[in-house]
Structure formats: C-alpha cells, structure tokens
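Each of the next two complexes has chain A plus one more chain, namely chain B in the first and chain C in the second.
The block that comes next holds the complex of A and B.
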C-alpha cells in the first residue's frame, strides 16, 4: 500500500492546525510528536494497551472522549477538536503555565506518580471521567468503583494506582455536582 | 347410517390409540437405551482408581469442565447459565457430592445420563447436555469419566433452578423430542477407513461433540443430519462450515487445522468466543494423535500426511472506487495501527488480515460482530497472549462499517458480494434483542 499524503486540518489545544500534508496511515501520535512538537502523549506499548498516549477529543456536543493516538491514524482526527496533555493547564499569552487543572494539582498533592511516564494518560483519562460525572453524577458509594472502571485501562509500571485513585476521588468530592449524597 | 358409524368408530379408536401412545411416550415407554446391562455391576475401587487417569483425558476431550464449572465457581459444581430460545438452563453439579452432585449415582445411572439423556431418577435431561453426541461414546470411555469424576473433591453446591417457560419446563416432553432426535444406533467404526479416520470420527462426533454447534438445527432444535457440520449461527455468531469444503474455503489444510485446534491462534486468525473456550479447556490438551485424527477425519482422508494442500490465497475482487476510498481511509485510521497497513498484522500482537478466516466466510456476520463489539484480551495456550481489540460500534456508522467490510472481504477474502448498511443495522439491532 503506497503512503500518499493527504491534506488535513484540525484544532489542537484551541489552535487551528493545517491544512498540512500528512501521510495516510500515519498514527496520530507520530503526527503530534513530529509535526506539532507536542511530545506529551507518550509512546508506551504502541499497541493500544497502556493508554499513555491518549488525548481528549472535544465532541461537537461539548462532551469529552478519550482516544488512543498510537493506534489511531492522524486523519481520523480530521476536522475534530483535540486537547493534548499540553493543553490541559491554563497558560498565559506567552505559553507559560499559570494554573494547573484540578486533576493535575491533585496528582501532585497526592504524590500520585513516580517516574511520570503514564501520568499524561492518567490526566487525560481523569479529565474525561470528571467531564462525564458533571453530566452523570454518581453516588458516593459507587465513586471508587466508577473511578477504577474508568481508569482501569491505564497502566502504571510504578504501580501508583491507589494514589491516582485517591487524587481523582478527592477532586470528584471537592467539585460540586459530581457526587450525589 | 351404518357407514357413518364406522367412520366415527374408526376415528375414535385411532384417537384413543394416539392418546395412549402419547401417554406411553410421555411416561417413557418408548425410551430407547444404548446402555448395556453389564454396567449394572458397580466398578470396584481398584478398577475406578485404574480408570481415573484415563478418564481425566476423556473428560477433557469431551470438554465437560467448560459447562460444568461456572466462571469463578467451584470445580465441577455446575452453575453455568446456558441460554436457549426457551429460557435459561443451568449446568448441574457433577462433583461427587452426595447431596448436590453425583455422589450417589451408580455406574449404570451415569451411563444412562451420558448416553440416553436420562437423570438418576429417570427424568429426561435437557439436550443442552450433549447426550445426543455422547451417546456415541464407548462404554469404556464413559466408565473412565465416571471413575475420574468420582475421584474429584465433592463440592457442596446446590444446583440452580432452570428458568424455562411453559411447556419447556416439562421434562417429560423431551421423550417426544428424543423419539425424533436421538439416534438409535451407537458409534460404528468403518472397516473401509483407516484407524486414524475412525478415531477422528469418534473424537469429532462423540467426544468433541462438534456437531452440537457446527451442525445446523432443525425446527425441533435437533441436529440436522443432512447438513452435518455445515455451519450454524449461535448467539449471533456463525460457527463455520467445518466440512472439507468449508475448511478449504477458510484456507486450512489438515496439519494447519490440527495446529490451530492446539494453539488457538495461527495465520488463519485467533479463536474467539465459544471456540476460544473449547481450545482453552479442551483441544489444547488433546494428544497430537487425536488432533491429527480429528483433522484427517474432517478432511476425509485416511492419513493426515496425505491431505491435500490448502487452496491458494483467493484473488482480490474489485470494489467500486467510492467504497474503496471510504474503506481504505477507515482501515488506515482505525485498523492499520495493529493489523498493519497491508494487513500483515504484528506477530504475537494482532493477527494478520491477509489470511484471516473471517474475511473468507460467505456471511459477513462474524466480521461485523467483531468490529462492532471487539474481542476481550485472550490468553492462548503456551505463551501467546492477545491484547483486547477495541469495539467500534460508536466510532463507525452503518455505511462506513459496511464499506469497510465489503472492501476487506474483497481484498483479502476474495468475497465479491457487497455488505449493505442494513446488514450492519440488523446486527446492531440483534445485539439489543
């Protein structure tokens, strides 16, 4: 199969990208790393298992979805709005981080990560989960299970799972409207 | 006047006779047993001990464990729900527990359950228990399984009550079913075929009970012998045609089939769903000579070494430019990351598409179901593992998936018929029924 290029346009972290000629079948992760210099989405397994490479897709209805970039072609994102780990924190006009997102802040406070390789994926996964909880709040007793289920597919080789879980639980409990009493 | 009387009289007699016959069947008067009287004699403890080890192998080849142990349940204690069009039947406890299992069953009662489909107290078993197939087992093999099961740990786990609708909850009605669907004969070796072929026939029909899934069922849910092993749809998936023609179509030769049954994964793809369980619990443990015999029989050759070569890769079929453009984009975006841009796959990670069985089947059902619902992580025999395949039900609309199916089936499976969006829609609806 010849790898012809095809023009593509998308929005990444609120910035319009393209049209840019991108080889068909190039994986999204390679596009982010090589074309946009956004290297935060990590290459882990390259097989769609570890979820270190995920990004947020902002759907047209305003909801957020998580997508793996190591096994999904760049052209699948044509016309879509994507948020990578680099676009999660608040930044000033110079691009310097001014405010971490609540999830990022909680991960630091809970010492959730050690080597940090899986952290971008966990931030993305937790961000998408909290977005869902805003629309579909869960009861307090179900909260741990819901977090576990949502983040279960993310692999952490330092086994920091419990601290990730505690951090996300903290954010969910502190944010009004996510957990019903 | 007289003539009328005769007609009435005759009709009355016929009706009474039919009613009497029905009552007789209902109460078991016409049950045909293939169990000989020699098994009335109990096995001596020493005999049981000597038989148990062989029984472990026979029970494995007959795949008893897969149904009689629920996931996460106690071994041999039953409890697996088996969904039928008439309700749920629960597999029973066949550990030697005296209260809940078969601890009090005699050798003869066990033989009658296995080969006549009759329980300890004479009530018919539901044919979810494949006694129609096990009927062909030799008395020696049944003895061995009995000896093996009796050597297991008793599990005090009560059987679950079946959830069947009326009239299917009346076990005695199965006597009518048996009358029509339970063959009177037992396994007969054929003198004009080799030992290997005959052994394969026995492994396929009696132990492996392959026909229970691969032979379509008639209106009475009995195995339709005229379409023996020609494939059937079960729980939304096709158990493919495993006759010689069907196997050749899928790209097998006899040795590669034997290998596939043992390893569960090969160039032809990976076993999934119910067939994964068959490999997981049963065929991976079969002896090489039994795997070879099974393959020789299915390919209808006397010697596996003499089996013909597999057919060449089917020629790609042209599809319209519109379908190709849509499907190629989908494939490169959502499939190629694992299955390769040219369908070559990644060894030990994702199976190749170029030689995949599913693309060569006439019915696109299995392909569509797999793409819609994905495949869970699978732990194949040995050290092979397969990562989960994602589900794409909410990533692809009916048209995109239909185009993908048409294109992949044409390109690698040599299938010329277009898959339509309504095919996809129907399968999506089936999943919700």
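The block that comes next holds the complex of A and C.
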C-alpha cells in the first residue's frame, strides 16, 4: 500500500511535467530530487532558513519570485512555472550549457564560491533581485544595501559572502536601467 | 597509547588481503563534459597574466550539475541498479538509561520499514566497528546497555519506497516514544582519550641548544586514573623524568618571581560548535552480493581510509567481499568529513539493502545530532612577563577538552592545541599540557583549526591584557616577543623558512584602524550615545600539514605537445584542481591540456606501504626503507590545509623533472642543429636560463621555440617525456637518488620516481618500461626524516593578523562589526582570487565563533536532535562587514617562495581580535566564547 497521492502538473524549466501522482505531504525539494532527478536546489536545513533550496517561480505577469522548496509542498506549485538552477543557463538540445546567465557568469569570474553547495540559491536569489531592479531601479548609493538585504537570507560557509555580493553589484552596474545615478 | 603519535595519526592501515580497492571521483566525467563546452581550460582558461579566469569546476557548480556526493542517486551511477532504497536512523537522546528497544507503533502498518536493523542483527552477521579505539565499540546501542553518547543511533530503518520513507521519517521525528528506555544508570562514556605535555627550557640564547625540549628529549604522556591525570615523576632517570623536573623548575620560577615581573593567570573557554558544512553527511551504498562487490558513493574527505576500513568491516562479517568500488563526489566538511564514522553506517545500511542501493543522508537536525564538532577547550594560562622590557620569561598553559563519546581525533586535537598555544611568541620557557576527556557529548573531531583556534585565541586575548596591564601598546608588546626566523618553537623545532611576523606587525601598527583608534573612539562615542567603540588586534600563525603527507602525481606530454596531468588529490572546495594545474603551468609554461584528479590506479608506482608513519619504530623504518618499493604512506586525506604546499610539491617536482630531463636537452638539440653547432654554439647558455612561459621555450637569446616543437624533439630523441613522482613529508621532505638513463644519479626531494621515454626511444629504454608502460626507477640512498621529527609537532607555519573595529550597544549588548583588516603571509600565491576567497570565508567563520555560535554539550545540546540553524546562529552577509573589510598579502620574498597552506589560519585571528576590540570598547574583558549580548549586558550592568 502506498500513501495518498494527488495528480500534479507544472512547468519546470520550460518543460511540461505531469500529471504525475505525488504524495500530498511531499516537499517540493524532494519532488525535484527524487521524481525529476533535479538535485541543484540543495537541502541545507529543511526549515527554510538557509535558502540553498530556492527556485524561481515565474509569475503570470512575467515577474520572478524566489521560493524555498524545503518547506513548501510540491502541490503548492501545481500549474505554476518553475525555473530551477538547472534551467538558468542556456542549453542546447543535448542539454549542454551554451551560455551562462549574467549572474552565473559574474559568479564564476569573481570566484564567488568554493564548495558551491549554496551557489544555486545565490544564483536564484540574485536573478530574482535583478528582475526586481528592472522594475524598481535603485539609486547608486543604495545599491550595496539593497544587495545585502536581498541576499542576507542565503547562508554561505566557504567564501564569506563578499565575492557573491561584489559579483551581483557588478552585474547591476553593467546592466542598463537597474541603477539610477 | 603509543608514545609516538602525531596529528591525525592514530589509524593504522587496514588493507584486507584479497580485497581489491578502487577509489574514484565521480563528477569528473560529468564535469569534463560540461567543461568541454566553452569556456574551457586551455588557452582561453588563463588570462594574459597567467591567472585562471575561473575555477576548473566553476561551470558545473554554477549551473546546478550533479557535483556533490549528495546529488547522486542509484539511477545516476553507471552499472548500479536503478531502484533506490532510503534509510534513516533512530537516535538515543538519553545517555543515563538502558536502551530497551524501539517502538514503531506510531507508524501505520504501511509505514513500517522494509528492513529494521538493530545491534543484535549486526552481531549475528559478524558486523563490528572497525578500529573501535577510534570509532567506538558499537554502531548501534545494544539492548540493555546505556548509550555511550547522546544522539547515538539505536536502529536503522530501510525503505524501498521514497514516499513511505519520507512519511515515516517525519512521523518519527521528535517522537520520543520511539526509543524505549529502561532503568536509570550512570553515564556510560568510553575511557578518557589521552594526556600529553610539552615542556621546553631554552639555552641561554635562542640559537643555543635547548636544555630540554620535546624534539631533543621527549613528549611527556600522562595516564588517567579515573578523571585525574597522573603525570610521570620528576627526576633524572630518563628524558620523561627530566621533562617533569623542567616543568617543576618553570613552576617554581613563576611562584618565586617577584618585583619587576607581572604574573598573569587567566582561564579561558572556547565553546563547542558545529562546522555547519552546507552538505550534510551522506552516502549511498550498493552491496552486490552475487559478485561480492561493495559499491559506495560517499561524501568524505578521506576516501582511501573509508575504502580500507569498509573492506575490513565487510571482510570480517558474514557478507562475502571481493572488491570495494568507492566513488566520491565533491564534498565539503571543514575537517568534519575526515575520519568520521558516518560512512560506515552507510556501509551497514548497504549490506541490508537486499540487493538494492541504500541511501543514508542526514537532514540538518541529524547532522547536528551526529556530525563531528569542534572541541570545547578549557584553558588555564599563566604568563610571566618582565615589566620593564615586556619580554615573556615563561608561559604555561594547561588545557582540557571534551571529546564526547567516540575517541576520534580528540587526543590529537588536544595536543595540537597545546603545541600551538605559544601563538607568534618566542617563549624561553614553556609548559603546555592537554587532557582529552571522554563524555556523553556528541563526539568532536577534526574540525577546521584542530585545537589551535582555541589555544591561540586565548593567548592572543592574554597578550592584549598583558599590554594593558603594562601600559604598553599591544602591537609593540608583540614585537618585543615575536618569534623570529631560526628560533625554536615550544617543541624545540626550528620552523622552516622565513618567519615574517615582524613585517606584519609593522603594517598593522601603521594601519589607520590602529593609529587612529583612540581618536575615533572619542569621536564615535560622542556621535553615537549609548554605543562604545573599540579596535582590537590579534596575530596568529598556524601549522599546515599532518606530519605524514604523501602524494603522487604524473605529468607527461605527447609528440604533438599535449600535456596531461594525473593527480591523486580530489576537490574539497578550496580549488585544489585549479591551483595544481596552475602550478604545473608555472614551471612548464602552459597548463595541462587534460587533467584527471582523484586518480587511484598507479601501475607505474608499484609501492608497498605499511601506512604507519607515526607509530613505526626508527629501527623498523630503517629496515623497511632498504626496500626501494616501500614508502611510509601512499596518500593523505584531503584536509589539514595540505593541498597547495604538500600536494603542490609533487606537481612542482614532476614539472621540474620534465623541464630538466626533457625540455632543456630537447631545446638544446634544436638550437644546436646545423654546421658548427647551430645558433647555440656562439653563445654560452646555461640550464638555469631556460624559460618556459606562454607556451614558448626560450633561453639566453636563442630563437623562440614552441612547446610543441620541443615536445616533438623530445619524443624524437627518446628523452624522458613523462614523469611520475611520489613524495613524503614528515615535517621535512624525504629525498632519494635516482639514476636516470642519460642523466646520471641525481638527488630529488621525492621518494619514488617513474619515467616514460619518448616514442622514438631506443629499444633498451623501452624494454625498461615494464610498470604499466613506465620505467620505475629504483631509488638509492633514500633519507626519510627521522621518526623523532614527529615530536617537532609542526615546522610549517603561515601567519594571519586581523584588526577588528567594533561598536557595542550598551543597552542591548549587541556587537556590530564595523570593519576589519587582515594581513597575511602565504608565500607565493598561486591563484590570488582563491586565496582571498579562503580568507574572506575564514573570517566569516571566525566571526561566528567569536560572537554567535554555541552548542551546549549534553542533554540540551545537539545530541537531543532539536538543533538546526533556526536556533544555532550562523554569520550572514550583514554580519561580516561585507563592503568595508579589507586585506593585504605580503609580497613573497622572491618568486621562488613556495605557497603556504592557509585554509585554517585565516579564521583564527579574527576571533581574539574581536574579543580585544570589545575589551577596548567596553573596558571589560571576556574570557569565554562566544561573547554574546547577554554576557556583555551582564558585564556592563
């Protein structure tokens, strides 16, 4: 006998998933890991504290939101468009990476991470922040504080945050329209 | 306990006869595939200054590819069955009651495990803990016995269906009734772990022979009578007795020191912490009963050890075993995945998988409950200082640590802490002892800092207080006592190379944070009523390495000039793969076209090892080393800050050998072509003028040659075109002579060598390539550093100093870190971006240790299973002075300075620097870490 399941459909990295029978209490993180073989959204705390597990939810109005998958049930994502770390870079039809996103490119050029376990969360968090800045630009003098505030919820244990924050500042300053002078 | 022990050196090799062992790093193929897409290593990997544009593993890590061991399921592992089973454990949360059994009635029938494993099952199947003196006597608590430690597993539950596993695990979480306890008993910890003592009395001057030192005479070991340590008697009958007499002499001098001296006595405490590596412990094990193969996918910093111990575990059980196939992904542990017991629980789970792979992966609560901790230290320090000069006349420090309920490296951590307690000071007389106790706490182990963070932080707080009491500038007091090149440490050993602490002190003394601290305090406090301002300085240096460092590396090129590197090291995060490739490039003028790490197959190195580098007697080693195929150790765990210097040494030696045996003679040959000796003849060109850079070969004004041209010539001439070296270091390098055809005997700091000859080599040479296609060149006149060298403790140091600027809210007690500046000396940096990232990360960890992180040891501590990052506070971006912090690195003395390991030292100085800054801000000294708002409020009330 297996536990009660419910059918579920959603879009993950532009791919239609489901309907698939998913246990009602299953967390999204486990759905990604165990059902979709997408392990980039990482288990850090399982309590919504470290934000290593986040994904992007693409809202209907085109805006992006960051969601924790360790404390949000898989069924909450029913019908939604989800982008995981695996879907941030451009890939060819074989799945090989052809182009990194500006945030990813900045992180590798800044040597932002060591072990890289928290990197997916930081990519997602920074991607959502930059999306917000497209709509709500910030003044140059507020930029550092805005970046710190946005990424403060992400825990990194190897590189002490600096190289993540500096990389995001670089992208923000290089991308037209995000920072007002 | 054997008298000759050193850091991380307790485990003897346990190769099991008849069991073949393969260890490999899994993500490489996946990573390599990713890296084949641009940007990729090669010409475009390095910028115009020769620096890599990104880490070798960057692309895989930033795109969410499977990289960590934790990312892999059975379906991702080639040749494994696709069906994945999942396991979790139930843990005891009481250590003063008999364990009677488990009660799973809270689980519905369908949630009952497919397999429940108890201690009694293990006994029936002949499964016992390998190395019980290290890992404890049992895996699971036997029925009727009291757990050794809080959080000790009592049962293993295996599920073949993920959803059922997930549901059952959630139901049982926090379910106290799941463990049935019987009568109350006394606590049941194992015996205490060890006590050691390092006593030194210098000669009249630092350069004279010591009157007594551990290196020259002996390390003193105490024995436990219950919880009391009994030290040997003082006297003159042997080195140990004389050492105790020396300790008594120092004690006596302290007691009798009168006017003109300051005798400061202070007690310090450094707390237990969880390193909180983001990847929690995990493993996936498939036991293929039909073929007798144990397949492991394991998160570990010591894969060879895991493979060997797993072989022993299974071979001694009823389960048949022919071979071990261990794969590792990337992992991270800050030392806590080095020699931890968790992988062997995974093996046990795999054995009961009924043919299916079983995955055991801690969640964060379980990781707090069972992961190795940093040792809490209680330290009683005394420092005798000349009031007029500020010179330290003597220092004693007696520390005890609680290693918890499994021995692990506790004894070793305790004495490594003792040997570091001198910090950066020269001490003419010193007596440092360490006692490692057992308890019911979650066990502590090899966590970043390894005892030295605890003892050096205390000394750095103490020296700051001495300066205040003597009314001296704290940096000036350090300068008066600073340890200089050629002096002896508290073990009586002379550290290798230049000690550049004075330069760091000069820079710190001139830094605006220090120079302006009094003015800024006045201004800041006037502008911020209710807040106090302070600046603190601390300066530490830390050893790197373990005293038994071994590595093996090969470099070879083909006639087309493609360069290949194969390396035994694997990636832990700090950028090993990147920096090792860059180091080869520095000598050969281009980075390898292909690299392979975590290589385990070395047919060209037919070496035998006893792997007892710390415990073997001198006599035995002298006998064994006559065998040119014997080495004290084949390879080391990836830990102890050992990659850049020790692993790098092997790369550098292999590259130098290729340069000398291939590139110089081949280039000479090309330049000598033509009548009268060609373009070379009119010039006198020396080997040392050879320059390999940017893929070109130059020397003394000769026409430039390409790497490819010279490589082709080397193959045409049948020169050496491949070199494999094995290296060993016991606080100095093993050396040996090698007679390389065409070059004659030459001495190199390696203990084994194999070479490969070019495609057109003579048949004579080719016939010698019998070791996997290589010529294993038997060594002569090998010299291994004497066993006594173990007593040196350490000889390789790297320093970091930090200035911390804080404000303290007098009402709330909150400390705000306004800024910090660090000064580091690390020899020659290989990849400065990686070094700087290590420093910034270490500083963040140190900030957590100084101000936030704390774990109670016992019933209310992590063993109770309720700890996670909600109540255990870690430093966040806002806590680290992210946008204001700065750092500088001393330039190397020359471009031939070796790189120094800095992975641990970077996190230490910030801890006492913050404590000293808070003392400056508040006028109160804090002797117990972490310095929390509650403690500050209490002190200021």
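Simple rule for what comes next: the second predicted complex is superposed on the first by the 177 of 181 C-alpha atoms of A that agree within 3 Å, B and C clash if a C-alpha of one lies under 4 Å from a C-alpha of the other, contacts with A are read in each partner's own complex, and residues count from 1 in each chain.
Criterion: a residue touches a chain if its C-beta (ideal position, glycine included) is under 8 Å from a C-beta of that chain, and two chains touch if they have at least 3 such contacts.
Everything quoted here is computed from the prediction, not taken from an experiment.
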Taking the superposition as given, does A:181 touch the first partner, chain B, the second, chain C, both, or neither?
neither
Going by the touch definition up top, name the partner, chain B or chain C, that contacts more of chain A.
C
Could you say whether A:152 touches chain B, chain C, both of them, or neither, answering first, second, both or neither?
second
Quick one: is A:3 in contact with chain B, with chain C, with both, or with neither? Answer first, second, both or neither.
both
By the touch definition at the top of the document, which applies to A:93: first (chain B), second (chain C), both, or neither?
neither
Between chain B (first) and chain C (second), which, if any, makes contact with A:16: first, second, both or neither?
neither
Where does A:49 make contact in the superposed view: on chain B (first), on chain C (second), on both, or on neither?
both
Have a look at where A:30 lands relative to chain B and chain C in the superposition and call it first, second, both or neither.
second
In the overlaid three-chain picture, which partner chain does A:71 touch, first (chain B) or second (chain C), both, or neither?
first
Mind sorting out which residues of chain A both chain B and chain C touch, each in its own complex?
1, 3, 25, 47, 49
With touch defined as at the start, can you tell me which chain A residues reach chain B in the complex?
1, 3, 24-25, 27, 47-49, 70-73, 75-76
For chain B, which residues count as touching chain A in their complex?
328-329, 332-334, 336-338, 341-342, 346, 349-350, 387-388, 390
Chain A residues touching chain C - in the complex, by the definition given at the top
1-3, 5, 23, 25-26, 30, 33-34, 37-47, 49-50, 52, 84-86, 88-89, 96-98, 100, 104, 107-120, 123, 144, 148, 151-165
Enumerate the contact residues on chain C facing chain A in the complex.
33-34, 37, 53-55, 57-59, 61-68, 70-73, 75-76, 109-110, 161-164, 166-167, 170, 275-280, 330-332, 334, 361, 363-365, 572-575, 831, 833-834, 836-838, 840-845, 868-870, 874-878, 880, 882-883, 885
